[in-house]
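In the two complexes below, chain A is the common chain; its partner is chain B in one and chain C in the other.
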Partner chain A sequence: MALNVTDLRVYYRTLRGEVKALDGVTFSVADGEIMGLAGESGSGKSTLAKSLIRLDGRMRHVGGTVELDGKTMPLADDTGMDRFRFREVSLIPQYSMSALNPTRKIGKMVGELLDSRGERLERAELERRLELVGLSKDVLDRYPIELSGGMKQRVVMVISTLLNPSLLIADEVTSALDVSSQKAVATTLLGFRDRGLVTSMMVVTHDISLVYQIADTIMVMYAGRLAEKAPAEVLVTAPRHPYTKQLISALPEVGVRYEDRRLTGIPGNPPSLLKPPGGCRFRDRCPLAFDQCAEQPPFAEVAPGHFVACWKAE
Partner chain B sequence: MLKLDSVSKVYRVGAFGGRELKAVSDVSFEVGEGEVVSLIGESGSGKSTLGRMILRLASISGGRITLDGRDITSIKDRKEYYRQVQGVFQDPFSCYNPVFRADRVFAMIKEQYFPQAGADEWRKRVEGALESVRLDPGNVLGKYPHQLSGGQLQRMLIARAVLLDIRLLVADEIISMLDASTRIDVLNLLADLRARGLGILFVTHDLSLGNYVSDRTVVLRHGKIVEMGRTDLVFGNPAHPYTRSLLASVPRLHAKWTDAVPEDVPCAFHEAPQESRTRPGLAEVEGDHFVACAGCGASKIKENA
Partner chain C sequence: MRRYFGRKLLIYGLTFFAAVTINWMIPRFMPGDPVQSMLSRANVAQPAAVEAMRAHYTAMFGFDLPLWQQYLNFWGSLLKGDLGISIWLFPTPVSDVIIRAVPYTLGLLIPSILLSWFAGNRFGAFAARRKWLDNSVLPVGYVLTATPYMWLAILLAWALGIVAGVFPVAGAYGFDLQPSLSWDFLGSLAQHWFLPFASLFLVAFGGWAIGMRNMIIYELEADYVNYLRALGAPMRLVRRYAFRNAILPQVTGLALQLGVLVAGALVTEIVFSYPGLGHLILQAIQNQDFFLLQGTFLFIVIGVLIANFVIDIAYVLVDPRTRTGMGGAA
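So, the complex of A and B:
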């Protein structure tokens, strides 16, 4: 198992109390697995991604463990995490466009970055990696401002994977791109795994149809907890959690017209995570809710590789 | 109702504005009453610039935009124009002043446009407008922006536009910032407003959203129309290679991306008979379905010959 997360809890400190953004999350990602992590804003998907790299000042590791390739990651220990960052776990940030130093040429910046980590890399290897994502080696002699958004995104992707990390986290990497660049970036991610540059991958996104294109499994989060995890095909065609079902049926597709089939959204709003209600957090919006939902359902395996947190999932 | 007639927009760029950038060139289309037209394009296609020109937020460099035959730049009283045409934009959170209650947007409409309306009558109208966008007035009135969700704020902005009894709504990427579970409600709302006779220009980069709600579709690339016509024709039988490649890149559920084989299809514009070129630069390949030249170079060959 590449990644094992057990009962992870990460809260945000605010003036009005603690926001339980990640409240008891247990799952694993296998070697070679590309897992899509989907959810709406405030579901905790970005908090989960960030927790595996670096907790910022407002975030507090309340409980739970994260194991990567058998080693426990010291989430709360900022300097202790340095042994893992970039080498074992690497992140492609959401705003890659602004992740590059504007005063350095790309080549120089990459050199300085590797120096600071005490690593060396052959220039030929760097050029080969750029070629893999469809960039010419000339970009090394250019400033970030000379590259387009999609090119910068790909440069950051190359940098993030230079040390062949075991786990790569891609946080909303396609959200700011046009549909044609989205496709290019997504297939590049797939290429990283297929060429063995990274072992497994977590692709965080709000766009289920995009992640469905490249992911082996998809995990859906709701209000700080896991709702469902299943092989991508199963999750899209036969979801079992009522939230996943409603979410997928609310997605307009090319070919679906308003006159032919009127789609419906999910009424209501997600609960506040400041003082979340007990039991299942989807209860208030759920058409199937019954008495037992006052008790939190376990994230149980209902079929091989298919986990659902719902009492009514059979 | 609204008619664009070879509209162009030129921006001055570079140091001292020495260079020119043609953001929109010779775009012509119409939006009728009770019709949803979606304007689809990638970043830099000029779709937002067009929306801003229609809303008179940007000047028009060439061509004419008319509303019921009247040039919109000749309407001196801007208020009179904005009584009929309103816009809603991408980010609902930045449209409200966080210091004031969210319903201040309605009070400002009253102050500016209906100063003589009585308080009671006005309250009824606001409640009516909120109900028409499926918001419970008791739930949203008196709240501050941070207490409301993005979908609620966006619907309040649409209600604000509806209060004016407008005839045309320019909706510029109004869905992009919303979550999947609420965006479909806003889309359905647009469809309901259309049924009341409102014309809607729906600007988006998301083809599946445009396809869901619109009657007609205009596909823009680098400021030019590449294809336009009835939505089912444009999406069902795309005639321009750019439209086809866009459609192929859209991530779908239940179908994985296939590697598009570069196809050798003849240019639909030059294949079409001369008399079908009813609009400048566009050929009508079938009823209400226009396509531009695919960049096949046929025009050059003719010039040389």
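So, the complex of A and C:
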């Protein structure tokens, strides 16, 4: 097992109290697995992604453990985490366009970064990797401002995977791209796994239709908790959690005309995570809700590799 | 590159023209009559002699010509390097008077500008995000930068000069000394130099330190810093990058602040009776010395323009983005 997350809880400190953005999350990602992590904004998916590599100043690790390749990661210890960062767990950030230091040539910056981590820069390997994502080695002698947005993103993808991390977290990497570039990025990510440059991957997105194309499994989050995790095909075609069902049915389908039947959304809004209600958090919006939902349903395996947190999931 | 500097030079040329024109206008719009004051200084009783002298001086300074002709003549002699003759120190040429004063002003200005800039930036960057230091530096910096130059100068002169008696409070060297290359003279020079320098340095230091602290904090929140930290880059590297990027607005700030610093130095010189350009300006105004005032202003304008040009070049060297913005090579 590459990644084991047990009852992870990460809260945000705010003036009005603690926002329970990640409230008891347990799952695992196998070696070689590409897991899509989906959910609407505020569901906690980005918090989960960040927690696994670097908590920002307002985040607090409240409880739970994270094991990567059998080693426990000290999430709350910023310096202790440095051992894992880049080598074991790496990140392609949401902000790839501005992730490079604007006043350093890219090659020089990569060299200094590797140097600071006590790694040697193998120029030939770096150039080979750039070629892999369709960039010429000339970009190393350029400043970030001289590259297009798509090129910058690919450079960041190469840098992040340079030390062959065990887990790669791709945080909303396609959100800012047009459709054809989205496809290219997705294919590149797949290529990283297939060539063994990264072992497992977590692809955070709000676009299920995109992650469906590359992910082996998809995990859906709702209001700081896990709703459902299943193999990609199963989750999209036969979801069991009422939230997932409504989420999937809200996606447009190719070949269907929506003149007669309007696409429906999910009525209502997610609960505030400042003082979340007890029990199932989807209860208020759920058409199937009944008395037992006042109690929090366990994230239980209902079929091999298919986990659902719902009392009515059969 | 060529076009960039060509454009810059054109702008500097226009600025120079406008500034010199204004310099020419200012003394002429001041109340008072310089010839009259020269005559009263000469203390001649006979009305006929006074009239003859008045006609002589007026013709010599060209005040009998119409204004537009005075203006053209002014440009003409300026291009020949002739700044006219001082009225206050008649008949010393203005250029001689200025050249005698310039070393004192530069000796104050250059060290205080450069040292305060370097020290302020270093210190501000060091203080940023170090809680205890930050909490003490910030208020001190704000107080310093909000202090008027002359007020701090007076305060220093009073505290260290009059009360403590450590430093002299007037002149550039002891009244009993003649300029020479002896240790006595140099020591006295340094002693007299210290207080005006310190007052200029401290005010500017506070401003730079605060600016740099804010810039570094801003840079440490930037995306590229988050990315580097996520990849486990040590704070040492991150701070180095942040410093380098934060220094860019400070370079621009230096260009903008030059004029203020020069003005501050002029006032400080007056407080300490330091025989630099500021002292000259005061004397020129008091004696209605048009030519000296013009010449001094001209010198300051040229100095500020040259310094700005140097900073423009430095900016091109430190920020690659301006280089790509110059058109041509991509």
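The definition used in the following text is that the second predicted complex is superposed on the first by the 311 of 314 C-alpha atoms of A that agree within 3 Å, B and C clash if a C-alpha of one lies under 4 Å from a C-alpha of the other, contacts with A are read in each partner's own complex, and residues count from 1 in each chain.
Operating definition for what follows: a residue touches a chain if its C-beta (ideal position, glycine included) is under 8 Å from a C-beta of that chain, and two chains touch if they have at least 3 such contacts.
Here the structure is a predicted model, which is why all the values come from computation and not from measurement.
Visitor: On chain A, do chain B and chain C fit together or clash when superposed?
Guide: Because the two structures are overlaid on the shared chain, the partners are seen to fit without clashing.
Visitor: Which holds for A:Ala99: it touches chain B only (first), chain C only (second), both, or neither?
Guide: A:Ala99 sits against chain C, while chain B stays out of touch.
Visitor: In the superposed arrangement, which partner chain does A:Gly265 touch: chain B (first), chain C (second), both, or neither?
Guide: A:Gly265 sits against chain B, while chain C stays out of touch.
Visitor: Classify the contacts of A:Tyr212 with the two partner chains as first (chain B alone), second (chain C alone), both, or neither.
Guide: So A:Tyr212 only meets chain B here.
Visitor: Does the superposition put A:Arg120 against chain B (first), chain C (second), both, or neither?
Guide: The answer is neither, since A:Arg120 touches no partner chain.
Visitor: With the two structures laid over each other on chain A, which partner does A:Arg16 touch: chain B (first), chain C (second), both, or neither?
Guide: neither
Visitor: With the superposition applied, I'd like the minimum CA-CA separation between chain B and chain C in Å.
Guide: Across the overlay, chain B reaches chain C at a minimum of 7 Å between C-alpha atoms.
Visitor: For a test of understanding, state which residues of chain C touch chain A in their complex under the given definition.
Guide: 222-224, 226-234, 236-237, 241, 244-245, 248, 318-321, 324, 330
Visitor: State the interface residues of chain B toward chain A in the complex, per the touch definition above.
Guide: Residues 42-43, 149-150, 179-185, 187-188, 191, 205, 207-209, 211-213, 231-232, 235, 245-247, 249-254, 256-257.
Visitor: Okay, in this complex, where on chain A does chain C touch?
Guide: Residue positions touching the partner: 53-54, 56, 81-87, 90-91, 93, 95, 98-105, 112-113, 116-117, 143, 145-146, 156, 159-160.
Visitor: Can you tell me which positions in chain A touch chain B when the two form their complex?
Guide: 40-41, 149, 178-180, 182-183, 186-187, 206-210, 212-213, 236-237, 246-248, 250-258, 262-266, 269
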